[in-house]
Amino acid sequence: MIKRLLLVLGLPVVLFVTWYAASANSENFYAPPLRQILAAFVDTWTPERLRADVLPSLARLGAGYLLAALIGIAAGVAIGANPRLRAAAEPVLEFFRAVPPPVLVPVIMLFAGIGNGMKVIVIVSGCVWPVLLNTVEGVRATDGVLADTARAYGLTGAARLRHLLLPSASPQIIAGLRQALSIAIILMVISEMFAASNGLGFTIVQFQRSFAIPEMWSGIILLGLLGFGLSELFRLAERHALAWYHGLRDAQRRS
Amino acid sequence: MLEVKGLRKVYRSGSREVEALRDLTFTVAAGELVCLVGPSGCGKTTLLRCIAGLLGPTSGEVTVGDRSGLAIVFQEYGRSLFPWMTVRDNVDLPLRQKKVPKARRRELVAEALTAVGLDGTESAYPWQLSGGMQQRVAIARAVAYEPSILLMDEPFAAVDAQTRADLEDLVRSLWQRLGMTILFVTHDIDEAVYLGQRVLMLSASPTVVQDELTVDLPAERDQLHTRADPRFVTLRTRVYSQIQAAKTGTASGAAGELSSADR
Amino acid sequence: MRRFITGMTVLALVAAGAGCGSSGDSGGGTTDGGVAKVKVGIIPIVDVAPIYLGQKQGFFANRKIDLTMESGQGGAAIVPGVVSGQFQFGFSNITSLLIAQTKNVPVKVVTNGVASTGTAGKDFGGVTVRKDSPITEPADLAGKKIAVNTLKNIGDTTVRESVRKAGGDPSGITFVEMPFANMPAAVENGQVDAAWVVEPSLSAVTAAGGRVVAWNYVDAAPDLTVAAYFASSKLIADDPDLVKRFTEAMNESLAYADAHPDEVREILGSYTKIDPKVREALTLPKWPTEINKPSVETLSKLGAQDGIFGSATPDLAKILP
Amino acid sequence: MTAVGAAAPRTAPGGRALLGLSGLAGLLVLVELLPRTGIVSDSYLPPTSRILAALADEAATGAFWVAVGDTLTAWAIGLAIAVVAGVGAGVLIGAVPVLRAVTASTVEFLRPIPSVALIPLAVLLYGSDLGSTLLLVVYAAFWQVLVQVLYGVADVDPVADETARSFRFGPWARIRYVLWPTALPYVFTGVRLAASVALVLAVTAELVIGAPGLGAVIAVAQTSNAITTMYALIVVTGLLGVAINLAARYAERHFLAWHQSVRGEAPS
């Protein structure tokens, strides 16, 4: 137990101490001592600040991510289950996926203005592709025997979707959702860097513009914590949702 | 009862045509257990899929009465069970689809699992079970469905010999107890003779019914004595020679299918 | 605990990145046969036309300066580049430089960058509204939603001053940030009540029938100095000769640009993508060589009034030449 | 193999390509018609023909190709650094169990940190130079490679490793003959994922920071109100992305033809 704890915390502690010591006497304007950054962190990220800046960011992130997941899965199932549609849509989808999402920000601003809607659309526009393409792949790869079994036992329409297509595509869908999550965080920040009046990305840029360097660093650290926290949440959710899949894979590997 | 009349199936891909089934006609009486044997690649699976309604015939017709009274067990047990559902849910799902009331469903599931000897595995996932047990789940699912006709597509081709013998006996005992019609497809001649009341022998592709044989072995069969019975040996020899004849007799047709399959 | 590793790795990567970054570029400022390689961080907008024109005219080459322009998105991206020595000189608006000064960022202005024309009705930036807007004069802007390109900077402080001078109360104005290019559409769609735009977006608004209701640069101070070229204190101390040569070349360029508007319109085509027709018609700013110190004092006063410097007050002596 | 399932309409390869082309053509026609019919204002979305004309105009200028070159340079250098660092670190960490145990928590923590968090930092350190772009590209692409390599190393068959040990292979030989061949498909997967991520980050850095490249040109087009040019440039970034994807997949298939059957993409 102690050994495990040592392994988990050992390196982080060493790195932290090294940073702290190495930066203690830093004269560099842009790399202030860690002591200052920590002090700035405590001063900057007060509960009010979190509510005023982090909460709106998270709300937009959540809205955009969920919307992208819904659209991606719905369109992905439709396209994946229809070979002709898939053949027609594939090159177009490949193209849209390859467009770096941030370059769409100026375009989306033209259509959607600068409000929360724009930021949500930006997030959706980037997140939807990995979900969609993975869903298409997952649905397409539905096992033939399983599909026959479902058909022989009269599973059609909604039941087929719910009991066959979605669960059998779920490992791929979740892989897509995982990719989408990191893209969503990136786009949340980027959409706030372009035109915003609150949000985590906005605040960090504001600190940078006003040369409040320790505060800026504290924002970067907060963003890192946020990314880490969300990915841990995702991992928990995935472990629950895909328990059967990991078990199946382990069973296959053993045999 | 099951009636197949003039069944023909041609696969088309592009300009190529492959005739899988040429002209099949046979009937299976209600409550009968009939085995279908034929050389590999003779279109047994195609036939079964046509009967199950998974595939539309090119011409001819299949009469099965009520299709919802039809259940099917595939060879690939690992791929025919829903890996994201427990054993119980796998057996239960088709019943839910049939809108069977909940209490009755619970009864049916429990009975079926008991019948195949899987008590106590309800909450396990299929992949936590051995291959033979997985196939038992698939059989339980079919049995719980209370079908009038049960189609089995080489169900024991992928399990080990000992398990296979057990499962064969299981099928016969379930059949005797529940009195449903069973069409059992296999490439194993011994299995066909051991299980069936009647054996239908198919030719090589394009397929027709080559011959038909009534198995006049006693209804009570067991692995040890039945297989040692001289009558069993005679019957299996006859089936064997017919299959051999089917293979050599239509060798050119088989080659044709091969060349079009490797495109 | 583990949160702090973030920065650590960042530092490690930064070190790694620095290693490869320097291999690609020869460090600026090194003299090569007497010719100094100079990188200038600029924003690719109308305001910096003189430096491109001066480069074309050979004003820099004459003084043994081999000039390269590097574009950054806004002054905040350029100041760090200048401090770290990536750029020898940079272009930034005065308010950003004042903010930097209050944080003791070691930079100092070397010469003027761009100035307002000082003429209401003929300036290169102003507060615009849609043609059917009820807003007709600066005082009407009180309590409205106004777009600016950067919050807490030169735009909002000068717009507030316009409203204040017209007798309105600027405290109720909501400023929203968006790129100039999006403002014409935002004004047209009513996403904002008004927008502070500069050329070429100003031309786009007026072409769509929009009206200018306030000339905030003109209202803030006569002949307001809007932006300036600056260098790091270190460079000014270490290589005064280079700074002198650059300043001279820059001043010559500014004067030349001011005197040759047609050539300015021409050179805009080389580093922006402004439509040629718009280029012909847009209002050019003024490029005097002298910094208008009273106007900088005004900006400092306005900034302090609006609280953009926090509790500090800019020390003009430290930032101006 | 059950040779059935043929009941579903199967489209010939030629037909597939045709359908794909018709899909693309549909998109082009749609973008042409939307502004022309006034459903969408053409000052927001110019018709296809104008975008293509703008694209042709751009392609005729040297500056455009310089920008494409800058973007691809940043992409290539960043990707190369990330791959070398990722593979090196991955093999080292994977081969030494103690190292793996010690770094696991740190890797799990650093990986999800969004690379854009580093934008302000990159700006402060490098201004709007190539260095800024590289910092972001390397950071984002590095994790893709590292994680895949770690998966690959974990996939080493214990029997193969024990066999190698029983023949008294040294650590170096074990890496060379057991670990590396097993991990290779994962390395390729990592490189393929990193290649697209690197492009996204390169363009993002240029767009947001102003470092030279296509992203910066898009920003200039935007500030100049040159909407049509902006669309043309966005199309170019998309095409670059498609090209990089195709090239990566081709390379993977080409080099791993012998391996394809055994590899599975590990979740990243």
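To keep things simple, chains are lettered A, B, C and D as they appear, and every chain counts its residues starting from 1.
Following the convention adopted for this analysis, contacts are C-beta pairs under 8 Å (C-beta built on N, C-alpha and C of every residue); 3 or more make two chains touch, one makes a residue touch a chain.
Chains and their UniProt names: A, D = Nitrate ABC transporter permease; B = ABC transporter; C = SsuA/THI5-like domain-containing protein.
Nothing here was measured: the structure is a model prediction, and the numbers come from that model.
Taken together, chain B and chain D share the touching chains A. The greatest centre-to-centre distance from chain C, using averaged C-alpha positions, is reached by B. Note: centroid distance chain B to chain C, computed from Cα atoms, is 81 Å.
For the pair chain C and chain D, the distance between mean C-alpha positions equals 35 Å. If you average the CA atoms of chain A and of chain B, the two centres end up 48 Å from each other. Inter-chain centre distance (chain A to chain D, centres taken as mean C-alpha positions): 17 Å.
Residue positions of chain A touching 2 or more other chains, listed in rising order: 9, 11-12, 15, 30, 106, 110, 144-145, 205, 208, 213, 217, 220, 224, 228. Counting only residues that touch two or more partner chains, chain C has 2-3, 5-6, 9-10, 76, 80, 84, 179, 181, 185.
Shared contact sites, meaning residues of chain D that touch two or more other chains, fall at 2, 10, 44, 105-106, 109-110, 113, 118, 121, 123-125, 208, 222.
On the chain B side of its complex with chain A, the touching residues are 49, 52-54, 68, 70-72, 74, 76, 79-80, 82-85, 93-94, 97-98, 125, 127-128, 141, 145. Every residue of chain A that touches chain B in the complex is listed here, in rising order: 143-146, 148-149, 151-155, 159, 163-164, 167-168, 170, 244-245, 247-248, 251-252. The touching residues of chain C, when paired with chain D in their complex, are 2-3, 5-6, 9-10, 13-14, 16-18, 20-21, 24-25, 41, 43-45, 70-73, 76-78, 80-82, 84, 86-87, 179-181, 184-185, 200-201, 204, 271-275, 278. Listed in rising order, the residues of chain D touching chain C in the complex are 43-44, 77, 81, 85, 105-106, 109-110, 113, 118, 121, 123-131, 134-135, 138-139, 142, 208-210, 212, 216, 219-226, 229.
The touching residues of chain C, counted against chain A in their complex, run 1-11, 74, 76, 79-80, 83-84, 96, 99-100, 103-106, 147, 150-153, 175-179, 181-182, 185-186, 189, 191, 308.
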